[in-house]
Every structure is written in C-alpha cells, then in structure tokens.
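Shared between the two complexes below is chain A, which has chain B as its partner in the first and chain C in the second.
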Partner chain A sequence: MSLRIRALGGVLARRGAQSVGVAVLVSVLCFLVVRRLPGDAAYRIAAGRYGYDLVDEKAADAVRAELGLDRPAWQQLGGWLGDLFRLDLGRSLVTSRPVVEEVGYYLLGTLQLAAVALAFATVLGGAAGVLAARRPGGPVDRLATAWVAGVRAVPPFLLGLVLVIVLSAQLGLLPAVGHDSASGIVLPALTLGIGLSGLVARVTRDAVVEVRQSDYVRFAHTKGLAERWVLLRHVVRNAAVVLVPYLGVQAVILVEGVVVVESLFAWQGLGHALVHAVFWRDVPVLQAAALALALLIVTLNTLVDVAGLWLDPRPRRQEARA
Partner chain B sequence: MTETALVTDRGTDHALSVPRATVRHGTVTLVDVADLRIAPGRPLTIVGESGSGKSVLAHALMGTLPPELVAEGSMAIGPARFDLADRSGRRHLWGRELALLPQEPGLSLDPTMRVRAQVAEGARGWRPRDRAALRLADERLDHVGLAGSGAAYPHTLSGGMAQRVAYAAATIGGARILVVDEPSKGLDPASLDRLADLLAGHVADGGLLLTITHDLRLARRLGGEVLVMRDASVVEGGPADRVLTAPRHAYTERLVAAEPSRWRHAWTSPPTADRTAEPLVSARGISKSYGDHVLFRDLSLDIRAGERWAFTGPSGAGKTTLGNAVVGLASLDAGSVARHPATRGGRVQKLYQDPTSSFPRRVPLEGPLRDVLRRHGAGEDRLRSLLAHVGLPPEILRRRPGQVSGGELQRIAVVRAMLARPVLVFADEATSRLDLATQETTMDLLMTEVTGTGCALLLVTHDPALAAAVTEHRIELGQA
Partner chain C sequence: MRRPLRLLGPAVVSAGLIGLTACSTGTGPTSSPDTLRIAGPFEVHSLDPAVDGEVFTRLQVAETLVTSDIDGELAPALATDWSSSSDHTEWTFDLVEGATFHDGTPVTPDTVIGALETAAAQEASPLAETPIEALRAQGSSVVVELAAPYLTLPAVLTHYSTAVLAPGSYDDAGRVTSVIGSGPYEVERVQLPASIRTTRFDGWRDAPPAIRNVSFQSVGRAETRALMAASDQADVVFGLEPAGRQRIETTAGVGLESSLQPRTILLKVNAGHPALADVRVRRALSLALDREAMAGAVLREEGLAATQLLPPSLDSWQADLEPLRHDREAARALLAEAGWAPGADGMLHRDGEPLRLDLLTYPDRAELPALATAIQAALADVGVAVDVEVANSSEIPAAQADDSLELALIAKHFALVSDPLIDVAAVFDPDGADWGVMNWRDPAVETAVEALLAGAPEDAAVEHRRAIVGTAQSQLPLIPVAWYRMNAAVSESVEGFVLDPLETSWRITDLRWAS
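Showing the complex of A and B:
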C-alpha cells in the first residue's frame, strides 16, 4: 500500500514540475509568435473594440499608449511573466474583462463538450468492442470493423452537417447551434463522440479478446465463477488498463482539435476563443487560452497516470530480479 | 468391521472413472485412452514428455478444451455420468466438485487484484464483498502457509507462493476432485516439496487427485498409480514405485534415464581447461543486495575458456542476478568485474528461461535469426548446419514463436546463441520449463556445441542434479 502511495506522490510531483515548465514555455512561445504576426497590433485591437469603420490613427495611438504596446518587447514579456507568477492573468485587450473570467468561461465550455463527447465515445465504442470480442471474426465483429472504417473516413464537419440535417432540420429533435439549453451540447458532442467511437471500439475489442484468452480468466471460470462476474471483475478491469491511456490520448485530441466542431455548432469553447483572440490580437486572452490548453493536457496526463496506478498495481520500471 | 466396509463402499461409489476418452484435432488423434480410474486415497499421476497428450486429457476431463479440439467418450463421478463431448455439461461442477490447478500459476492470477479477493471468489455461494468468503480465504491462505499475504498483489509473489495461492483458490470451493496440470514448471525443489505436501494432504482428506507432470521426482513423492503416456496413448501403468524403479516398457526406461543424475554423454566428463590462461571474466569482491536482502557479498571468481560453471540455489537467492552481473547485464553494489577483450562484440550470449518471450511474438523466427547472421557475418550454411545439428528442418523458421513447441523454440534459441560464435554462454534456467526428455536433448545439443567450440558455460539452475551433471565449478547461493 505505502508503495502505491509513494508511486502516486512521484507521479504528482513529476507532473507538477512539468506543468510549471510547460506554463513558462508556452507563454514565451505565444508571446514570440504574436510579435511576429504581420500588421499593427494596436490597430487590430482598436478595431476589435470600436469596429473597423471607426478606427483611425488616433484611436490606435491611444490604444498603444494605454496598453504599453510601445514598450520594448522584453519589458512586455517580463511584465506578463511577472503577472503570471502572481497568478494575475490581466484583462482582455478587447473587452477589458478579466482574462480569468473570459478564459474560464470558454474552458468550461470545452471541458463540458470534451467530457460528454468522451462519454458518448466510451459508451458506444466500449459496448461495440465488448460485443465484437464475444466472437472474434463473427458477424458482430465484422460489423464493428466496418463501423470503425466508416466513422474514421467521414470528416467531423461532414458528420456534423449530416447530424444537423437529420436530427435537427428533418426530425426537429435537437437544436442545431448554440450554448443556451442543455440539449445544445448533444449534437456537437455526438459528432465528436461518433468520430472517436470507432477507434475506441477497436482498442476495446482487441484488449477484451486478449484478456479473455488469458490464463487468469480461464482460471476464474474453473474456480466456478459465473460468466458475468468473470466479465465484471477480471475482463473489464484488465481491458481498462489498456483502454484508459488510450482514452487519455483521445481526450487530448478532443481538447486541442475541436475548433472545427465548435465553429460549426457555434459552441463557446476554448478553440473558439483562441481563434478570436488571434484575429483581434488579444494577447492576454490568447496567452491564457494557450496556457489553459497546455495545463489541461498536463492535467489529463496526470489523471491517466493516477488511473493507471489505481487499475494496475504492477510497477512500471522493474529491475530484473533473481 | 462394518464401519470399515461402509467407508470402502462410499469410496468406490465416489471414484472417478473414464471408460474411454479420445481427443482429436482434425484428423490427428491427440488422446486415446481407456479404463482410467481414480479412487479416494490413491492418487493418479500421468507422466510423459510434452506433446504426449497428457495435458489435453486433463482438459478433456475438466471440459476446458479449446474449441478446435473434439473430445469423445464419457466419464463417471460416482453414479453421475458425463459425456466428454458436451462442454457445458460439467460447468456447474467447476470449483464445487471438479477443480483445476492450472499450469503457470503466475499467469493464472489476475495481476490487478489482491490475492485474498481472488481466492475468496471461488468460495461456494460467493457474492461481491462477501465477508464470510473473505474470512474463509484468509483461512485457506493460512492453511497453505501464506498467512498475512492476502493483501499482496500477484507480482510480489514468487513462483512457489503464486502456486500455493492458486491451490487455495482452486480448492476453496471444496471440490473433491483436483486436477493438477504440470505443477513443476520452473519451481525449485523446496517449493515443489511444499506443493507435494499440499497435494498429499488433499488425498489424505479423502480427495481424488489427478496430476499431470513430467517431473518423475514429484510422481515418486505422490505415490499411488502412475500412467506413462506417449503419442496419445498409455504405454505402461501401475503402482508408482514399481513403474518408476523397474519400468517394463522401453519408453519408460528412456524417460527414467533422462533424469540428469543418470545422463551419460560424450561431454559429461569435464574438459581439461587451461588453468593458466587469462580468464574471460574475472570478478573481484562483488556484492549485491535488494534493500536488507543480501544476495551475495564479497564474491570472487574467474571463468576461463572451456570451463563450466553453475550458480545454484532456491528461487530468489540471487543466482540470476549474479549471472547477469558476471556477464554485465546487472549493476553491482560493490566490487569489480573485468572482462577479456575476446568477450566484446556480442561474444557473450544468454539463453533465457522462457524462450517464447525471448523472440518477437508476431514475427516469423527467420527474422531475428537473419539479424544475427547479418550482425555477426555468419553464412547461410552455418545456420543450416546448426539447425541440422539440433534436428530441426529449416522450414520451421517460417513459423512464429507461438507455433512451435517450447523445446523446439529453446533449441532455436541455442542456434541463435551459437551463430554469434560466443566465447561464453550464459544459460539462465534454460531448460527448467522443459520436460525431462526435451531437457536432455536440449542440454545435449548445447553442450555438444559448447564443448566443440571450446566456449565457456555459465549455468543458472535450481536443480542440483542438473548442475552436477553438466558443470565442474559450482557456487551455491541462499545458504542461510
């Protein structure tokens, strides 16, 4: 037991140190990238605030003076890192609202979408995988293989449009866009979830087939354990040892790569926020959004590590013993 | 008198008998036996080399044959009759009346679950979080000498301990008929003795015992009846002490002669090594411990060309670690190991205990062997002649590791090691998972190659008889 707690402490310490490093690196990279973007940042910010038609040289100068954009680059960077160290992310250059609020709002949106999508993918893919594994090579298995190829071949925007046309426009079951009602999350989450479910099904199927052939599952049978307990106590858990790290990778892809689907369904998530921040040169929001994404990925990896420790007590690195 | 008669009567009633049993795979007959009978108090042990069909027979009786094997025949437990072709008909007996102690106990325990829960789930009327079953599991673990190990995970147990956990899990349901499948693989003599005591206890309590083994020492210890199987059928049967000391069938004679203490080969007399030659490996004052557990301390040794060394001792004594340290695969706490320049460039080769995990699983055997050919610039003819030496056709290399037997694979591992023209071969329990006859063939091939090339041998084994038959220098570890 104490060994496991020590392992847990090790994971948390390692990931904690990693997150600090990631925070600094991402901030600096973001800053440099924004500096290299073409065009006058003060002009773009002013346009974001007052609209394109109302911007002139004077407004841009006012913005420049107000935000200190004429200071040397290293001062601006130093100021931002200092603020970050005090956990003060500043205010949006465009809306003047605190960045924490702004990014927090979008982060919540992304997390909701990712969590529901992942849940859809796990339920759909997991069930298909377990069913396919009952008879490898049987009709269900072949159907599942076709499903995997099918959902991987359809790009998310096309799948999203098809779902909108069928479920929303034709059947009128769900709202097509928006963030207002709870049902608004279903279509974007389903679009993402179906796309992922194919590979989840494949990984689950292979893991379950392998575990079912293992000696400990056969021994569980001859011990006299009923089939459903063998499945619940031995097969599911050992298959999860393979599946959970895979779901972690999928979660990262979900968090990073949902821009298309967020845009399609006008879902207010981080991807959405990031695109707008780049467009309006809203450096604090941009940096905070990138930072949030980076830290989220570290957090997800930490969760996967902790779940792995809980599921599988075997040590990860082992010295050969006599 | 009446009471004795009654007991005997009941005993007859509850015997297991098999009038006829056959198992086929396509057109190949794997098992064809008749008139087996196991009575309470009189264990039955089936011996024979791998591939003789003895394990298949055990699984046919359990009803756990893989789907591609077809069983025919019937068996009777007391008055109840069962059709061997019907797979599901005996499922309700599992754990309650008919129990199996599987091969490879280490793999038969779920790596993610504590030992106590795995034992408890075999109890009669088990429900999740069943306190009575958990208490019973603790009692059973106590009975097999593992009190206090209930919270352990399988990876922390030695092979012998895992074996006893599996025994507790298999018998907690109170099954009277216990089928034990190859229990001796990789076990050191002390662990095997403890297991034999448990099995004898099961018989003394009125249980029925069917043991499948290639270990004649275990068969002798268990006593009772012995059947010798070869090529799907029984060649000889009778009381254990008679069959294993005065065999009548030529095959049984060969089996008995395959025990290392009776080996007679051209290489059995030690070669005259040049004691003045520069040592290949020279260890000075080496020590290693894991935590408080001291494996060896201040040990010195010199291995010269042509010498044969054995490191022996029970599991966990550190003999593999010592071997690894000598060939440079493990780090040391103190001391130094100097290796002669002749050992560089892959001229030290290791043979592993489990050949299946020392070959890539999904690649035909040809791949890894050709890699060695390229690396060491050996010719195709050398590969062919080595294969011919170990009695394998070149076509076998098109198969994958899972498609050849353990003995064949270990012989291919010997070929792989010898392709590099080694000056030192380190055989780490390389034959401890093979049956006696296969062990002798494999060892004979290895030793013929080793002696022929003047290569030095380092043997790690828990079998003192094997060490005595093969080597002239021995270091024993783990002597408290």
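Showing the complex of A and C:
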C-alpha cells in the first residue's frame, strides 16, 4: 500500500509544481502573442464594446486613454503578473465585468458539455468496441469499423445540423439551443459524443483484442471463470488502462476545440470566449481563459495518472513481490 | 438468443442517458405558454446603456427621452414635449408625469441629467458629439444648454446610449450592475452575453401590455435561428439568411416580415489615392459593377441593387437622379481616358504601374465578404486588380487614421439616430469620416450640410438635400452597391408585429397572442 501512496504523492507534487510554472508561462506567452498580433488593440477593443456601427478613431482614442494601452509593455505585463499573485484577474477590457465571473461562467459551460459528451462517447464507443472485439473480423467488428469511419468523416457542424433537424425540428424531442434548461445540453453533447465515439470504439476494440489474447486472460478461462467475469474483471479493467489516458486527451480537445459546436447550439463555453477575446484583444480574458485551460489540462492529466494508478493491477503485483 | 440481448444493453444505457438528461427539467423546447420567445444574432456585452444598451431599449426595459415612431418621426418617451430657444442653444425637455423606475423610485430631472452626463462621456455615443455646456433641472423639466446651435438634439436623444436608468442601477464606482429602467417591461434575469428574461412592469404608467413575459436568446448561427423559427422554438426570430428565408416561406404557421433598413452597402474610396483621386476612375469602378446581378446572387433580391447613395426608405433624401448603371464598355473607356492602358497580362497599367487596389471589409454582416469577392471579379473584368482582405471592422477606421486605406466595403447605417441628417453630415465631414468619405471635400456639399444643420426652411432644405445626393452621385466619393433589407420570422400565434426599420424598439407592447 505504501508504494501506492508514495506514487500518488509523487504524482500530486509533480503536477502541483507544474501548474505554477504553467500559470506564469501561459500568462507571459498570451501577453506577448497578443502584442505581436496585427492591428491596433484600442480599435479592436472599441469594436468589441460598441459594435461596428459606432467604432471610430475617437472611441479608440478614448479606450486607449482609459486602459493605459500606451504604457510600456513591461509595465502592463508587470501589472498583470502582480495582480495574478494577489489572485486578482482584473476586469474584461470589453465588457468591464470581473474576469473571474466571466471566465468562470464560460468554463462551467465547457466542463458540463465536455463531461456529458465524454459520457456519451464512452458509453457508445466503449460498448461498440467491446462488442466488436468479441469476434475480430466478424460482422459486428465490420459494422463498428464502418461506424468509426462514418462518424470521423462527418464534420461536427453537419452532424449537429442533422441532429437538430431530426431530434429537434422534426420530432420536437429536444430544444435546439438554450443554456437555461438542462435539456439544452443533450444535442451539443450528443454531437460531440458521437464524433468521439468512433475513435473510442477503435481504441477499446484494439485494447480488448490485445488483452483477450494475453496469458492472464487465457489463464482465467483455463481456471473455468465464466465469460462475463473474465470480461469484467480482467479484460475491461486492463483495457481501461489504455482507454483512460486516451479519454484524457479527448477531454482536453473537447475543452479547447469545440467552437463550431458551441456556436451552432448557442452554447456559452470557453471556446467562444477565447475566440472573442482574441478577436477583441481582450488580454485579461484571454490570459485568464488560457490559464484556466492550462490548469485544467494539468488537472486532467493528474486525474488520468491517478486513475491509471488505481486501475493498473501491475503496481499491486510489485507490492506483493516487495 | 443471447447475443442480440447483449447488443441491446449498451443501446438501452445510451437511450437512458439521453432520456435522463432530457427529462431532468421536463421543460422541453417550449417554455411557459405566456412567454414571447425572441431569438436574434446580437450578443449583449454590457449592461450599461451608454456602452451596449440597444437590446434593453428594444425590449422596452429602458427608455430614452425621445423615441421614434414606425415612420422614423420623433415621438415622446420620457419627455412629453420639447422646445428650444430661438437661437437653438437651449433645449427644454418636459418629463412625463408619474413615471417610475422598476424599483419604485420616481424618474426625476436629476436622474435624467445623470444618465445624459454618463452618455456624453462615452466617445462612441452620438451625444458625445453635441456641444453640451450644461445640464440643469427646471421644475419637472431638463434644460440642455449648448455652446452652439444644435437643431437635431432631440433626434440624438433617441439613441439607446442616452437611455435613463434608476440611480440604483449603478454601484459606487458608477458601473451598471443591474438594468433598472422605466419601460413597460422589467428585467427578471440577465445572463450575459446570451439571454435575458423580462416581465410586465406593474407600475407602468400606461395601459398594461398584452404579453406578460418575454425571453431573448442570442443565437450566433443563422442556420440554427431558422430551424428555431421553423420548429416553433421561438416566436420572433431576427436575422435570417437567404436559405433560412426560403425555409420559413415554406413552413406553415410562421410568416416572414421584412423592411428596408436605412443602411447602404457601399465602397468607401480613398479619394487621396493616386489612382482614385481621378473622378473618372471612381466612375469607371461604379460602371463596372453589375449591381442587380450581385444583389440577386448574394442578397437574393435584385431590387436591392442601389441606384443612389441613400436608400428609398429615407424618402426626404430621395432625389430624381439618373440611377447608377452597369456598363463595362463605358468603364473601360473612362479608364483609358484616365491614362490606364491594358498591359501584357490584360490588367491596366499607367507609367509602368499596375492598377492594383486593396479592398478591406469585415465579416460581421455575412453578405459583405461575398459581395467583396463579386466586386473583385467585376473589377478584374475591366482590368482592375483588387486584393480583398476580410478583417475586423475596426481595421477600417484604423486604416483611415494611418491613411493606408484604398477601398473598403462597408454597410453604413444612415439613421443611427432618428434624423438621417446627423449621419449624412458625419459621412461628408470635410476632414474625413471613419465611416464616410476619405480625403474628399466639396464646397457645395459643405454649404448644404451647414445650411441644413442650421435649420433651413423646408423648400430650401429640399434643394440642399438634392445638392448633397446629386454631388455624391456625380463625384462618387462613396460608391453605392446595394441597399439592405432586414427580416424576421414571426409565428402566427403572435399578432400585431411590425418591423421597425430603425430598430429603436421591438414594439412588444403592440403585440398580442392570436386567439
């Protein structure tokens, strides 16, 4: 047991140090990248605030004066880092609302969507993968392969529209958009989940096929364990060691790159916030959003490591040997 | 028999998962039957009317002193009456009696003055342009003292940035924390940037509106909005694209409302550019454009092809001018006259320099990039090479400021406040306008604008307006391309809907449920 706790402690300490480093690095990088972008930030911020009918030189000059955008770069960066150490993320340059409030709202939306999408992907893809692996090359396997190719080939935008047309517009089962009611999450999550389920099925199938051919599974069969118990205790658990890190990577992609699905379903998430922050040069929101994403990735990796430790039977065997 | 059953397992789990999330609230797509559901493309970025308050005046939560009626004429709102001193340097606005804010506090001249001071301090507000010297209360009226005559002040006060909020809306630092207005609807819940819910205000000074609750949802994608309208997930949907319009036209139970907006899609020209300074080149560019074909292909309505600068919805600005036309041969002839001759590559050159222009536009209105590429093709046809760049809208004023702009395709609104004169005067500012002329001035236009701003009598005003649009038509410092139609899908369960071309208000108080 002590070996396992030591391993866990090591993981957490390493990830903790990593997150502090990531926070500083991401903030500085965001700041530098935004400064290198073409165009005058004061104009961009004014366009974000007042809309294209009202943005003009005077509005941009007023924004520049208000936000001190003509201060030297090191002063602006130093100010932000100082605030960061006091855990003050500041206010959005465009909406003037506290960044914590704003990014927190978008982050929550993204996490909800990613979690439900992953659940759909795991259930759909996992089940398809396990079924396909039962008889490699059999009809179910071939069907699963077709599914993998099909869902990977359909862009999420098209899949989303098809789902809206069928489930929302034709059958009237679910609302197409909306953040207010819980049912609003189903269609965007299903769009993402179906898209992901193909590769989840693929990875699960390969892992299960490999595990089934292993000595310990053959031994379990030899000692007369029922097929169901072999599957649950040995095959699924060992295949999960491969699958969980894969899902971790997919979760990161879900959190970062679902702008298209977010906009199709008018879902308020971090992707939307990031795109707008870049468009409007809203540095505090961009820094905070990137920071939240970076820390989220560290957290996800930690969770994957911990889950791996918990799932993987091998360290236990080492313990027994020790 | 065992295998099919096992296949059923995961299917049942997935279906259960979908069902569980779907049923967790039990509301489904339709909410309370007494709620008018509005969807539109606009996001709300601030609660402060002085910054981004149009949605709160459209939802009739916040009121301005003056508003505009459906014909664009001034109409009373928080002020019942207004008058000016004979030299137009002092305006008096009499406030309506018995108006209260949604928190129960009365609307007083001092709260109005506070709101106007906030708006005047925002450079983007049209009120910042007015020469206000002092604001003071006089009995139940507000007096605006001006440094110079300003006849169009009441029109400026229709702009949403001048909406009046209760003192309780602001925190100690002067930031708006909640929108407490005085309109017939009060805010129930706001979730920036996408959703707002309002409900009837019981203390409204006039007849209570028929619609009790209103919800507004911002939906970025036009495809999604069209599907919402077609499947009864929204009662009023603004901003439909051509494909969506066709879907609505074939859907039972939903009607399409449209009106011409006082907005013109036009090519802003840097008249200081070595090639574009020559009026013959500007005319040639105009002649090269097949506006009807472009309007038909991109806007799906040939009738939207512009024949002059100001759209027909602004009647008083319509002059009997020879309409802009398409004539490729005439365009080539004018360019040849200006010294541009075809080179070996078929493109025009003068003194070894090719005629190559940069065209800047922005994607906020989906039609603009499409029209920009159509213009690119049309101009290539007469030998003018155009590089199209789609960028942020703010790049246009920025490029104007550093004089790097050559051509820009913009959608210019000519009635941001109810009187187009203010926008026309801004567009033809002799020193250049970010959303108007660049390096172009004309004494006849300057005289006419000054006379109109000084309040010329109507028969003289007609002549002045004609002088402005006539000069614009012959000199083409701005090349009109198309007019702009806005539209909305409206459910048949709603009666009394009228689309306000100025978008001052969505006139929810005029709506009622169909029996």
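To be clear about the criterion, the second predicted complex is superposed on the first by the 297 of 322 C-alpha atoms of A that agree within 3 Å, B and C clash if a C-alpha of one lies under 4 Å from a C-alpha of the other, contacts with A are read in each partner's own complex, and residues count from 1 in each chain.
We adopt the following convention: a contact is a pair of C-beta atoms (placed from the backbone, for glycine too) under 8 Å apart; a residue touches a chain by one contact, two chains touch by 3 or more.
Given the structure is predicted, the values throughout are model-derived calculations rather than measurements.
Visitor: Looking at A:Leu54, would you say it contacts chain B, chain C, both, or neither? Reply first, second, both or neither.
Guide: Once the two structures are laid over each other on A, A:Leu54 reaches chain C alone.
Visitor: Which holds for A:Ala23: it touches chain B only (first), chain C only (second), both, or neither?
Guide: In the superposition, A:Ala23 contacts neither chain B nor chain C.
Visitor: For A:Leu77, select first, second, both or neither according to whether it touches chain B, chain C, the two together, or no partner.
Guide: neither
Visitor: Just chain B (first), just chain C (second), both, or neither: which does A:Asp215 touch?
Guide: first
Visitor: In the overlay, answer first, second, both or neither for which of chain B and chain C A:Trp229 touches.
Guide: The first partner, chain B, only.
Visitor: Which chain, chain B or chain C, ends up touching more residues of chain A in the combined arrangement?
Guide: Counting contacted residues of chain A, the larger count belongs to C.
Visitor: Should A:Leu124 be classified as contacting the first partner (chain B), the second (chain C), both, or neither?
Guide: second
Visitor: With the two complexes superposed on chain A, say which partner A:Val306 touches: chain B (first), chain C (second), both, or neither.
Guide: Once the two structures are laid over each other on A, A:Val306 reaches no partner at all.
Visitor: Do any residues of chain A touch both chain B and chain C, and if so, which are they?
Guide: Comparing the two interfaces on chain A, one with chain B and one with chain C, no residues are shared.
Visitor: So in the complex, which bits of chain A are touching chain C?
Guide: Residue positions touching the partner: 39-40, 43-44, 46-62, 94-97, 105, 116, 119-120, 123-124, 126-128, 131, 140, 161, 164-165, 168-170, 172-183, 185-186, 189-190, 263-266, 268, 279.
Visitor: In their complex, what parts of chain C are in touch with chain A?
Guide: Residue positions touching the partner: 6-7, 9-11, 13-14, 17-18, 21-25, 27-29, 31, 39, 45-46, 48, 51-52, 122-125, 128, 175, 191-195, 217-221, 223-224, 227-228, 230-231, 233, 362, 364, 391-395, 397-398, 400-401, 413, 416, 434-435.
Visitor: Under the stated contact criterion, what part of chain B meets chain A in this complex?
Guide: 62, 64, 91, 94-96, 99-100, 102-104, 107-113, 121-122, 126, 128, 151, 153, 155, 166, 169-170, 172-173, 290, 295, 315-322, 324, 329-330
Visitor: Touching chain B in the complex: which residues of chain A?
Guide: Those in contact with chain B are residues 1, 214-216, 218-225, 229, 233-234, 237-238, 241, 311-315, 319-322.
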